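Here's a structure for you.
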Amino acid sequence: MIARMAWRNLWRNQRRTTLTIAAISLGLGVLITMVSFMDGMMEMMMEQIARSSVGHIQLHQPEYLEKKSTNLFMQDGEKLAAIVADVDRVKAISSRLLFSGSIRSSLSSTVRVVQVIAVDPEREREFSGLVDKVIAGGFVVPPPESLEGGAPLRVQGRKGILIGKKLAEQLKVELGSKVRVDCAGFQGATTAAAFYVTGILRTGTDAFDKGVAMVALRDMQEVTGAGDVIHELTVMADSTENLDVLAATIQSKLAAAGFAEGTVVVQPWYDVMPEIKQMLDMSGAWSGVLYMMMMIVLSAGILTTMYMVVLERKREFGVQLALGTRSSRLFAGVMLEALYIAGLASAIGIAVGAVSVAYISTRGIDLSGFMEGFEFAGAFIDNIYRGTATAKVFVEPTVVVFVGTVLCALWPALKVARMQAIDAIKQGGTTN
Amino acid sequence: MRMMVAMVGLMAVVCLNECPLRAQPTELQLGAAEAEKVIDDMEERMRGKASVGEMEMYIKRWDRTMRMKFWELYPDKSLVRLTAPAEDAGMGSLKLGKDLWSYNPKIDQVQKIPPSLMLDSWMGSDFTNDDISRSSSIKLDYTIEPGAGTTYNGVESWRVTLRPKPDSPVVWEKLVVEVARDDYRPLRQEYYDEKGSLARIMYFEDYRESKSGKPYPYKWRMENRQDKDRYTEMRIISMEFKETLPKKTFTIRSLKRGR
Amino acid sequence: MWHFLGLCWRDLWRNRRRTLLVGFVMVFAVSIMILFIGMGTGAHNLMIRSATDSFLGHAQIQRTGYLEEPDLEHQIPAEDLARLEAILPSEERIVGWAPRIVTGGLISKKHPDPTDENDLEAYRQMLSEGALLVGVQPVQERKVSILAEALVDDDPHGRCLRGCKAALAEIYAPTNSCHELCTGVSTEFGGEACLVLGEKTCTGRCDPEDEFCAEEDCTERFADYCEGARFLLDEDPTAATPNRSEIVLGSTLARVLGAGVGDRVALTSGTSQGRPFASLYKVVGLVKTGSTEINRTFSLTYYDKLAAGLELPGAASFVVLAVDDPDAASSIAASLNKKLATQAPETVALGWAELSPEMDIFVKIDQGSMLVMLGLLVAIIGVILANIVTMSVMERTREYGVRLAVGESHRRIVIGLIVEIALLALTFSLIGAAIGEAGNFYFASHPIDFGMGEFETTGVIIETKYPTVPTLYGFLFSVGTVVFFAVAGALYPAWRVRKLRPVDALRFV
């Protein structure tokens, strides 16, 4: 009974109610959009980072990350990879060797120092965002389709190398050129080897375009004569949840297979690159600040709105009191109205939010017109921002706004309950 | 320096009296087999050899002349010490196997040259650290192609092409060695980039008789054709071939203190 | 007109409660916006500063071509540098400048020779690190970078000990072990005693029983080795000694080399004439800056000596500039270039955005995301405000009806309405602005700490403690936004008022 009356009360002043609902629902829509955007950015960064060589979990020799010494490698790379690949939840793996070396060609006197990354091209492909940045040739190995023209034929069967465009320019090389790479191999032994340029990439950042050269893992193992060793094994899991558990599982499986704890350590990405985690936390903190600020404004707005609504109807309440309605009923009535408003606003807000989320999660906000991506912690990050469309994006803000609306109605409702009929009628209604 | 010794060896291979010469070819072609034999002979003779001497190096790029003493023990030990100019005297470099150390008396410090600097120039010259330290083994790194006859500066010569094997860490597309037809002394050596342009060229001049009866060049010049006006010229002041040299010549102590 | 404004103002206050309610929301909105903008600006500035102040500088003047090929062939020659030094002081926007000379080289700790001079393994272990040797002028540096203040002193006790041992070793015998050293001095002192001895000597507390110490005045003799970590001095104390100087290492480089304050390091490189350059340095301090790159590869020494050693006296690799407004660095550089084109044509001025495009991108992305966030904030504020204003105006329908009935013109009411709202918005947003900027001022000296320590990105270390920055544009923007939305909110009811018939209006309660 009260319920129906409350409902009718609402609609007696259509305009007022509509405005109120409109405001709250729009506010909710904006909030939802914000959460979607922030979440999306976060996820995008994490995914990009995972894709760009960091992965979800990494394996190293225990001291390698700290000292970065070439001699801190893991043995039995193949066996290691096989065991890890077999673990549940592991989607893809890639092994690597890392060296610092210098590179030169016959076409120029310059010698450049580069970071040499030896990978398994097939596996690394699934990880690396760099695959999309190749502008000529293939990803370390030449693509089979490109078997026409002089260069690719020349490199067939040879050790291939993928270098950045700027480096290629400095060395004056092109696809098929022979280059010589010298690095400090294991135990300080000097290693010199010949590679043929099978791919050129362009990322727009000097770190890659000038300073990185990628070769095949097998080739590097052969050249250094080290055999089946690797510096790093990267794992891509099915999701970013519970990586610590997965890491522990992998560690124990390895221990069981003979890889003692002292030889291999398995870590989730945030232990390997704490700075990435920190940056994400930082972004999260900013989002949090924004969220809070928006909530403050929204709450202030809703509170004021509800209060004004009640104020406006003072006369009406006064009359009801005079007619004998009990305060408690008035109170309940106001609260119910607020409930309806909250409900309607939430529904509409979700609808509004859904529309904008749909837009930003599919089309995304593309900034790549302004600038290319950038390099962060060895990862390459692109510039299209998409929002996410998970349940959380909708549920959380809605709940907050719903509850907030109802709560904001409390104070005005209490005021109503404490009204005196005569004062209300005298003061109420419109002002002057 | 290695190059020098290798070249000396290449040249010194066919002695006029001892080795049975194949029949002098009448057409202007040196068959593949012949070319290979030449290389073989040279490498055989170089085994177990040593040399010691003094030389001068002029670098056009910096317009600078240096004097140095050198000791070399085939296949992979060498020591060089600067004797002039005075402010650089005492500096040296020591090669043992693949490792290269350099010493500077001004700071009394021996530093191991990291692999990333192997391709850097040696002492500012047009030779690289790697040129100096590479062990020679021509057959390992190159395939030998049949040669052709021509003349150079009025001397009749053979041009033999050496092609680096695809996997050998030599950047050049090919090398062409030109030797005199009569005594197989090297006249010049050309290095070609992969586009076929001449990138470097080494000239061998001033041949003098030596105790072993094989004339060898006392002057050779490496010209960099990719960068204008750059060459390095080495002039041997005195040199002696020996059967061997004491191991203690090639130590760090020796690098620092000299002998 | 003033009379009219006065009337509107009075109208506002006729219903105090309503006006205050609306105003309350406006105050909130404006102060929050200003705080947010303040925080964002603070974070932005901090990020730029941590890159530029540590080494890059706001801008640099380089020889054309140096950016692509930073080697000894692309130095600013002495004559050009002299000309620059003549031009720069008169540039108003440039508040400081410092020349630097930079070259790459191999750095290694000066290790005493292994006992067996032919122990090749030992020699193989003596690895050198690639490093950048940077010659600076400390007096000028202070105006353009915080290098001099970035000192870290990690191990004062150990440093003193090392220094002492080094001194003792140098004086008495070129040996490695303290034991041997002590044995050399006196067979009565064992290894432990030697350490203690060294320590005593360092702190100047000599025991007259110590035969060793009794020989000389310990404090004075070894004081040199126990001084605190410091930056380079304004005057180079080593100017007279060839091949010996002082050096300040990046903290990571020092760690990798295993060197600390008091140790000696050797650096070899090549001069501009291709000759070998080698020098010994005593480490006098370590720096830790906001750039991991710097910490890992940089070593600083005296400009004059280095330039002379590299056979480039009076030349510079580049000149670092400090400007009055870092955000305008690129445009300042551009206008400087016009002058340089005629006076020193081989040089070019570059702002930090050109010097480090990666940093530039990162800053742009950061700005972009801040703008997006601000936009969202504005959206919410706009919605709320418009709603509230609309409602509050609608409330007054009856009042308008009365006024119309009494004879006031539609036009006057409409204009009055809008002006009232504008006044309301202005007043309360000014109050909100005052609160917000007060907050910014406060947080400017008590930075907001996100409590996450610091982390590194694009080679720059980013702190998570932000001072806010009170800004004019923040003020203008926030106030403007609120006024805009307030007036926007008043437009719909205003439009309706035009058509209002008193009869309908009076029906409203």
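Chains: A, B and C, in written order; residue numbering restarts at 1 for each.
Heads up, the rule we're going with is that a residue touches a chain if its C-beta (ideal position, glycine included) is under 8 Å from a C-beta of that chain, and two chains touch if they have at least 3 such contacts.
On a predicted model such as this, the values are computed, not experimentally measured, just so you know.
If the chains shown are joined wherever they touch, the resulting network links each chain directly to all the rest. With centres taken as mean CA coordinates, the chain nearest to the overall protein centre is C. Each chain gets a centre from the mean of its Cα atoms; for chain A and chain B, those two points are 58 Å apart. We define each chain's centre as the mean of its Cα atoms; on that basis chain A and chain C are separated by 27 Å. Each chain gets a centre from the mean of its Cα atoms; for chain B and chain C, those two points are 54 Å apart. Touching two or more other chains at once are residues 124, 127, 130 of chain C. Residue positions of chain B touching 2 or more other chains, listed in rising order: 99, 112, 114, 116-117. Multi-chain contact residues of chain A (touching two or more other chains) are listed as 113, 188. Contact residues of chain A toward chain C in the complex are 15-16, 19-20, 22-23, 26-27, 30-31, 33-34, 37, 41, 113, 188, 205-207, 274-275, 278-279, 281-282, 285-286, 289-290, 293-294, 296-298, 300-302, 304-305, 307-309, 311-312, 315-316, 365, 367, 370-377, 383, 428-432.
Put simply, chain B touches chain C in their complex at residues 59, 61-62, 64, 88, 91, 96, 99, 101-102, 104, 106-107, 109-112, 114, 116-117, 121, 123-124, 251-253, 256. Those residues of chain A lying in contact with chain B across their complex are 100-102, 104-109, 111, 113, 158-159, 177-185, 188-194. Residue ranges of chain C in contact with chain A, taken from their complex: 14-15, 17-18, 21-22, 24-25, 28-29, 32, 35-36, 39, 124-125, 127, 130, 357-358, 361-362, 364-365, 368-369, 372-373, 376-377, 379-381, 383-388, 390-392, 394-399, 402, 450, 452-458, 462, 464, 508-509. Of all residues in chain B, only 98-99, 112, 114-120, 130, 164, 166-173, 191-195, 199, 224, 226-227 touch chain A in the complex they form.
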